[in-house]
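Dropping a structure here in structure tokens format, bear with me for questions.
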């Protein structure tokens, strides 16, 4: 079928092609990379994880929708960032939390950290982590005590609240007693690796997170600079504690390093800046874990280093080749 | 109904008393609009009581310093007026500080440091420089009262919001047994509250059709 | 520290930035160049950078192919009739780059016999000035797209020494295969053209740079270099297939490892770069004193029924080419003169092919990028691909906020608009246009705010 | 009694003894500095590996790693003080004042100047540097006045007027000296020097020192730490605000409201430092 | 930059004069104000402390409270000193009395700060390190002790009072100052936590543990009932329920185990220290006579009569200066240990 003159030729400026990956696709790829982690969470914590996800995502989506509505501007939900924020938020909370709390966190995080600054791309702090920090300040008891024992196949599972997370025990009881309670043998480390341990919804299985991160690295959505330097930074501090492997495998480190710290908007853009950013996160996480008040510090560490991102972007700029002696 | 007597040599007609008294509440609110004296607005407003006390202290210092300056302005040498204003404020702050300590020791224990810090508030010295040094006693007093009341209003407003939502109580009396929204009594909550209240003020302004001023800060 | 090191044996390339993209050349790379002569041509009088030519013919005049119909000053390139026939009108007609411009419309008269151009004696050993003179008389301009009069590039100021002539056969734009076919089919002409230009500028070596996806052409050139005995050091170098490999400065960096500072020309580092088609045109101009008359173009894209490599007289209308290529698909949304990255979208089809047109690209709705864009998410991809180390994201954000005048330090002025940043931007922001706006703001001295268009609707 | 040991962890401390030989458990008497009358229970005394004359004392009672202790060796009649090193204390106080108890984000001081000056990065850096230097000097000067004049003469009711006087004089002096010595420096930083007077941090530091009856090193750490903390807060805030200035912030939030929200988010992030024991 | 117009001598003189006059006026205003408000501020301060002690010990307005201040004298042979009602007593580290100094008549109405200064001057290198209170009913009977202590909690030091019966069982705990997180550590000031200590004997404290289990509701009811009623009434009402108290752990505040543990450790330590020190000061020798602690009646923290506003009173100030004479033994056997129990006998 041919037609001598199509009705309308588009007259847009070049380039007329574009690469495959769009913002929306990036958001969905990241969400997809998180899927195994959440499936695992459902497997060990039961269907309540889904309720939490619905709540967290619902809160975040509601926040974005409401602000757009109040500003009477076009809805931006289809870019997928609000859903991802809700998803990430639920990854950082304890599985036994009352279901309405993630909604509050998601809503406030999205509104305060993102929508008030003009929406996607303009936020300075990671909205999911701001949501978590707000929840931590508002529901301190629920956020720190509602851990569940992981039990494979526990679909509607027994909701027994167990001892604290490994890092909580470490903070509370000190190294010697925690070693005794946790029984840090090879088997324990194996459990840490596969994710049979007490922890936040998204952070338990290091293996599955590596899988998701592998996908993101393969799709070139994230680069290795940030995650590796986060791990390196933490290792630096954890070596002082005497149990580097424990610190490396537990807590929200991997979740934070691969899925939180790599958030484009709140991370620096140049490799050098990214490495400093990552090292900062790692070191601060270690400092908070070992000397600070909280058992786990990656949430606050990322937030604090997010604050430095604009400065890092200012300091580390692309190298302009052949500049010297050239007229500007 | 202007009260300004045209006696002083470089006198301009003072605005009417009503304007002087009211403008501190909205149009020139020292916290929300002029963005001066912000420290106590965040620091001591986790309860209405503290806010009211702080507001009262600022009101007293403002009025007393304005009165002092209005009365003695003929004798103040122009070159050293700023140091002398500072001394006057410092004296009144010290007096109020001691009185507060004597009258309300419990509240004073919490906000004592901030009462002392009133001496560094830009709002007070700026009112002295802008108003009290140019007008006679009564308008200056009224101006001080207006500004002080505006400040107190802001403090009570912020304090009430933060206490009711963040602490679940009013004037220290618990309202409900439910868990309050703890964030608001933390520092972050204080900043959020003021930010939202400022935005609300802007919103009212926009609804009234006034142009939006995004300025502020002391210079 | 982070600079990419070229592994031993790997193809040469420029140092930073650039995009690897699907070259989409398969559809036309194997098609030989076909000759197509239309029933009429429209010769715009402005086909090069600089003041337009003055028409020397009137309506109803009869012209023979090769007659000069537009004169210019010493800096311009004259226009020659590309077909024999009758001048129908000299008028303001639609122009592919400007909105419209003065043009000469010629109706082909098949009865007029095409003139023959004889080989000139001693063409291999002409003095430098004479070569340049012949090139100028032939009306040759840079056929890579810039349309800068070639004789001006060959006229080197005495204080500058040129050691290398680079023939740009990179053709890094996707879809386009015209240079590729030219090199495949007439390698000797390319070589001789290059040697002539080396003579003209006093260079002692010639480097022909091709991308690795044209290694068959490289092979043909190598064979030709052995056969033609031009006694000149000619290197045929393969470069990585990476956009914008064909950009002058990038190609110089890849081939001779020299960096051209912003604001300077290649000749300042001792290099002259010419396109493959230009080289062939120069060869014809010097050997036969034949003016620039034809142009090899690639007609391709999902919107055209039969993609072809065509050799057409300059001035051929797009309409006629579409007809010669079997017509357009219904869903064709965009017609682009040139490559998809730096080419220009055409709003109508009654426009002529001019000297600088390297191809015609017909894109369907599903092949073009959408017109709306989202906010910058600071992914930094544009920083990675910018060959100059600029910060298009910052420029765009500042420009959007109406603060284009603060973008100096992000390098607005040195951008050559290769479009890599726009290509990779996941938010599909038209970064090149933001940079253009910023540039014009600097020229005007004031910046205007641009309404922010959040990405709503883009993703549906 | 100079410092001769340090607390290693909750149950161990390390002491370098004057003489050789390993003292027995019964021979040692360990007390906290404030409670010398109540000995703490010692479980074991061992030589420290690879150190001469240094022993590691294991206690049954839990020790405070930041506390100071006294050890009495009855056989030699020697006293040993076990305390964190001075540098350690000063650094820890410094970090506490700059980060954990950041004056802007946890004590809400200096906000007028903070919001007024944090719009541009350059002004923020200028103010931060100037404030740190002037604040440090005024903090020390005020401490000297408080310790050697106000306190002995029981004139503490004059502290407000004296401290504001110190600040005002220092600011005037800095301004004049800078003007005389370095014109360009004055041009660059002069405006900030004048602004310092309205920054309550500079007044709060001596007031806090007076209130807590701080010693010299504590005052020094507080003066320096508060300045550094303020400078850090100002710098981070200015970077963030420059970015927020480019954003399509809702109309009613433009300017100060969004700056407050931003400060709230910073305060939220700084919560991570809470409970930090350096 | 325009140079400022030159200042004439006359003008300079005026400026100096006006500044000087301002300063003088300012100084005198402040001095006047200070003189007027200082007594009230001081009495408020004392009153607040006295109110708390009185409330903790269920004392009525006629009761009297004695503050015992503890000092440490540094040096090669350190001494521990106690400012007792009759004077300043020094002991060596083992608790053996070294000497005692009667308080000069001139300091009869001195404030705490003045007394501290007096001691610091008399015994160089001495500084105050702590204190406790003893409360007496109007008839002179010992009502109990209140000791002040502090312990590092989650973020900073928690300062608290522990009230004890004469037999050193805990009557109550009151947190004076803390910087714990709201909703977490700050919950330890709530009745359900702080009253968990009430009723425990000194001996049982050594075994006292902190558990993270939730507080059983039956226990909670008993504990919360302590709020607002006198100790004796509470014990009378819930005596039966308190039976197994010594085996009951402290149930930590949910999510704030560190703060809960810190306070529990602090209370345990405070009681142990008070026990130790009472044994020392209980036997006080002045002029060879044993003065059992609690028998002296002169040095009141607050005497009912001194509580009117605008009266100058200081913690160790009697309304009428009493000479250091061996007071009659009045029901001092209320203490749980007799002289025979003192270790260094």
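Note that the chains take the letters A, B, C, D and E in the order they are written out, and that residue 1 is the start of every chain.
Quick note on the criterion: a contact is a pair of C-beta atoms (placed from the backbone, for glycine too) under 8 Å apart; a residue touches a chain by one contact, two chains touch by 3 or more.
Predicted, not measured: the structure shown is a model, and the values here were computed from it.
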item	value
Shared chain contacts [chain C and chain D, defined touch]	A
Distance-to-centre winner among chains (Cα means, whole assembly as reference)	A
Dominant chain pairing [most C-beta pairs in contact]	A-C
Of all other chains, the one whose Cα centre sits farthest from chain A	E
Separation of mean Cα positions, chain D and chain A [Å, integer]	33
Chain centre separation in whole Å, for chain E relative to chain C (CA means)	91
Rounded Å distance, chain A centre to chain C centre (Cα mean)	47
Numbers and ranges of chain A residues touching at least 2 other chains	112, 118-119, 122, 134, 137-140, 293
Per-residue overlap in chain D, given as positions that touch at least 2 other chains	157-158, 161, 246-248, 250, 253, 258, 261, 264-265, 268, 271, 274-275
Touching two or more other chains - residue numbers and ranges from chain E	26, 30, 33-34, 38, 154-155, 181, 183
Each pair of chains that touches, named by its two labels	A-B, A-C, A-D, A-E, B-D, B-E, C-D, D-E
In the complex with chain B, residue positions of chain D that touch it	105-113, 115-117, 119, 157-161, 164, 168, 195, 197-200, 202-204, 207-208, 211, 250-261, 263-265, 267-268, 271
Chain E-touching residues of chain D, taken from the complex the two chains share	1, 29, 31, 33-38, 62, 64, 66, 77, 79, 157-158, 161, 274-275
Sites on chain C touched by chain A in the complex	2, 15-16, 19, 21, 174, 259-264, 305, 322-323, 326-336, 340-349, 361, 363, 367-369, 371, 374-380, 383, 386, 388-391, 393, 411, 413, 419, 422-428, 430, 432-433, 436, 454-460
Footprint of chain D on chain E - complex, ascending	26-27, 30-31, 33-34, 38, 72, 74, 76, 78, 80, 91, 93, 95, 129-130, 152, 154-155, 181, 265, 272-273, 276-277, 280
Complex contact set, residues of chain A against chain C	1-6, 8-19, 21-26, 73-76, 78-80, 118-122, 264-265, 267, 269-272, 313, 317-323, 325-328
